[in-house]
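So that you can tell them apart, the chains are marked A, B, C and D in the order they are listed, and the count of residues begins at 1 in each.
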Amino acid sequence: MSKSRMEAFSDGVIAILITIMVLELKAPHATDWSALAPLAPVFVAYVLSFVYLGIYWNNHHHMLHAARKVTGRVLWANLHLLFWLSLLPFATAWMGENHFAALPTALYGAVLLCAAIAYWLLQNSIIAAEGPESTLARAVGTDWKGKASILLYAAAIPLAFVREWLADVVYTGVALLWLVPDRRIEKALAER
Amino acid sequence: MSKSRMEAFSDGVIAILITIMVLELKAPHATDWSALAPLAPVFVAYVLSFVYLGIYWNNHHHMLHAARKVTGRVLWANLHLLFWLSLLPFATAWMGENHFAALPTALYGAVLLCAAIAYWLLQNSIIAAEGPESTLARAVGTDWKGKASILLYAAAIPLAFVREWLADVVYTGVALLWLVPDRRIEKALAER
Amino acid sequence: MSKSRMEAFSDGVIAILITIMVLELKAPHATDWSALAPLAPVFVAYVLSFVYLGIYWNNHHHMLHAARKVTGRVLWANLHLLFWLSLLPFATAWMGENHFAALPTALYGAVLLCAAIAYWLLQNSIIAAEGPESTLARAVGTDWKGKASILLYAAAIPLAFVREWLADVVYTGVALLWLVPDRRIEKALAER
Amino acid sequence: MSKSRMEAFSDGVIAILITIMVLELKAPHATDWSALAPLAPVFVAYVLSFVYLGIYWNNHHHMLHAARKVTGRVLWANLHLLFWLSLLPFATAWMGENHFAALPTALYGAVLLCAAIAYWLLQNSIIAAEGPESTLARAVGTDWKGKASILLYAAAIPLAFVREWLADVVYTGVALLWLVPDRRIEKALAER
């Protein structure tokens, strides 16, 4: 099976998710500075989710670039990832519009956790199709980043009920961890 | 005619349908657990429709992978399928927001029925263009799954007025029937 | 310049226009048959606009299939067409929600008229780039259909103020004219 | 890394941004001419933003056409550009619905300024990957247009608080500057 349609479909879904999140930024009726103030937490939540969706798109791009085979199982693992990402706009809106209250912040973490697990399952399903000697398998290696992210999200969910900002620190920290460019796949491809 | 634009256009429409359905999950104003409760049926309806759109996308992907020719008739048969799929967000919202009441549940089944018939017509129009000896014709065979789905949806519509949950069982059952991977096309391609 | 990105961008815009039109079909709060009645004109307007966007996508697909060169002028002529098509959801909603009142129906015709002129300009800009001996120029020929559509839309606009349904008859008639498959381009390609 | 997915993703985001802007044109409940009057400034703002997104898409198309390599840094520079463009619908709605009041008009200019800087950073990151002897580097040259646009936006922001229409003149003027076809890249490609 060709991987181009799976890429195109994922691109479409992620592109739309990014842009419908911005619909939560509703134009206020007043036109002074104070009218913008209530939008600040919504905007901050939007920036965080934009960065997360950008990271997912970027990593997805790299992962599929290194992949060669797409099986029926891979297609469903990909749809499973897109399902959790599709809940991000809801979680973002709930968190942003309620000034990062405890439960919405915990739910945001739960969506990130499920998406991270879904990404890991997708990665495994591609490696299973390609074999342990494939470019992707070698590039991923022990995948400490993916595993650490899952643990950190899992820790952030209860933290949101203790001190809400602790969870935000974790979400931001994990995003920064991934923003640092991941050269594993580019390196493995260059070696090939 | 090349099939790539028809694939890209269908990917776009299905990707957008999936993501606009999630807009029905509106962020509540309260931030406690009880605020999430009214969203539960909306969420369940979303999951069901996400799975259905995922199945359609997956099968569409396989079907066009096996196809070679795209005629004007195929383009319109494809648009006809997309028309019925485009009504799924409306039917999902009406069913989910009204706690799976009888008429909305029956309408949901009617949309699924029309989409299944449209898929069958699209399949026939491609086979008509490719000939009975084509990969797709051999892969589809008697297509008992497609025909059984159409009969089951047709049965579920009156059932929704008797006991609403009976219709839900049928919709879920048919989805599970398709989630079990359909290896016919992959097998026929491998044999080629 | 390659034409694939122009195709992909146009596909994206038309796919989104089709799907945001369906957002006007808002799920009613009641769950009986009478709750669906007010949606009937909105649904009829949606079907008409879906068919029109399907025709534009289909013809656009055929036209670009026959084209080889894409210049800067062609890119802008394409954006100009997409601009008028982007107003179709607004015109559809205004007409459908107001039970096909005179002014909204006339505005709908004006958007169709502008889109038809924009399509004709796009066709001319491609033929100008390809030359009068090109496949597209021969396929289009005298283009009586395109010219007749422009005249019919122009006639329908004042008719909407006389008897509103006369304009609807014209819009439906022109759509049927185009639904009859246009074999010119397929024929010209086959001859090549 | 291949550039096709970055193109497809950017096309998707820009196509969706264009079409969600049109959602601000809400169908009025009345059906006479006076019902359309309040939509006039919203429509004018939509046209301006449509043209700007068209210019960005067009230039992005040309720039990537001339590019050969896409690195991780380029992918993030592209996402950074898309982030600022994604704020354009919000700025457009705020400006249009408030009859081009001072602060919304200034904010609109600020979004254009940030997008222009992001475009310039993207261009630099591609040139850095391709080298100073690349087609793109030669085509861009001194890039007076890009630099002049940044200066003009920066000047328009304070002007919006003096006389609001002065800022509008600048935004329209810069758009016209870019609408005049930019033959640099086409020329450099032809020379290659």
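Note that in this section contacts are C-beta pairs under 8 Å (C-beta built on N, C-alpha and C of every residue); 3 or more make two chains touch, one makes a residue touch a chain.
Just so you know, these numbers come straight off a predicted model, no measurement behind them.
Put simply, chain B has to spin 90° for its C-alpha atoms to lie on chain C, with the angle rounded to a multiple of 5.
Homomeric contact chain A/chain D: same residue numbering on both sides for under half of the interface positions. Rounded to whole angstrom units, the spacing between the C-alpha centres of chain A and chain B is 26.
Averaging C-alpha coordinates per chain places the centre of chain B 37 Å away from that of chain D.
In chain D, the residues that reach two or more other chains under the touch definition are 8, 12, 16, 20, 23.
Chain contact summary for the complex, chain A toward chain D: residues 7-8, 11-12, 14-16, 18-20, 22-23, 25, 27-29, 31-33, 47, 50, 54, 57-58, 61-62, 65, 179, 181-183, 186. By the touch criterion given at the top, residues 1-2, 5-6, 8-9, 12-13, 16-17, 20, 23-24, 71-73, 75-76, 79, 82-83, 86-87, 89-90, 93-94, 97-98, 101-104 of chain B touch chain C in their complex.
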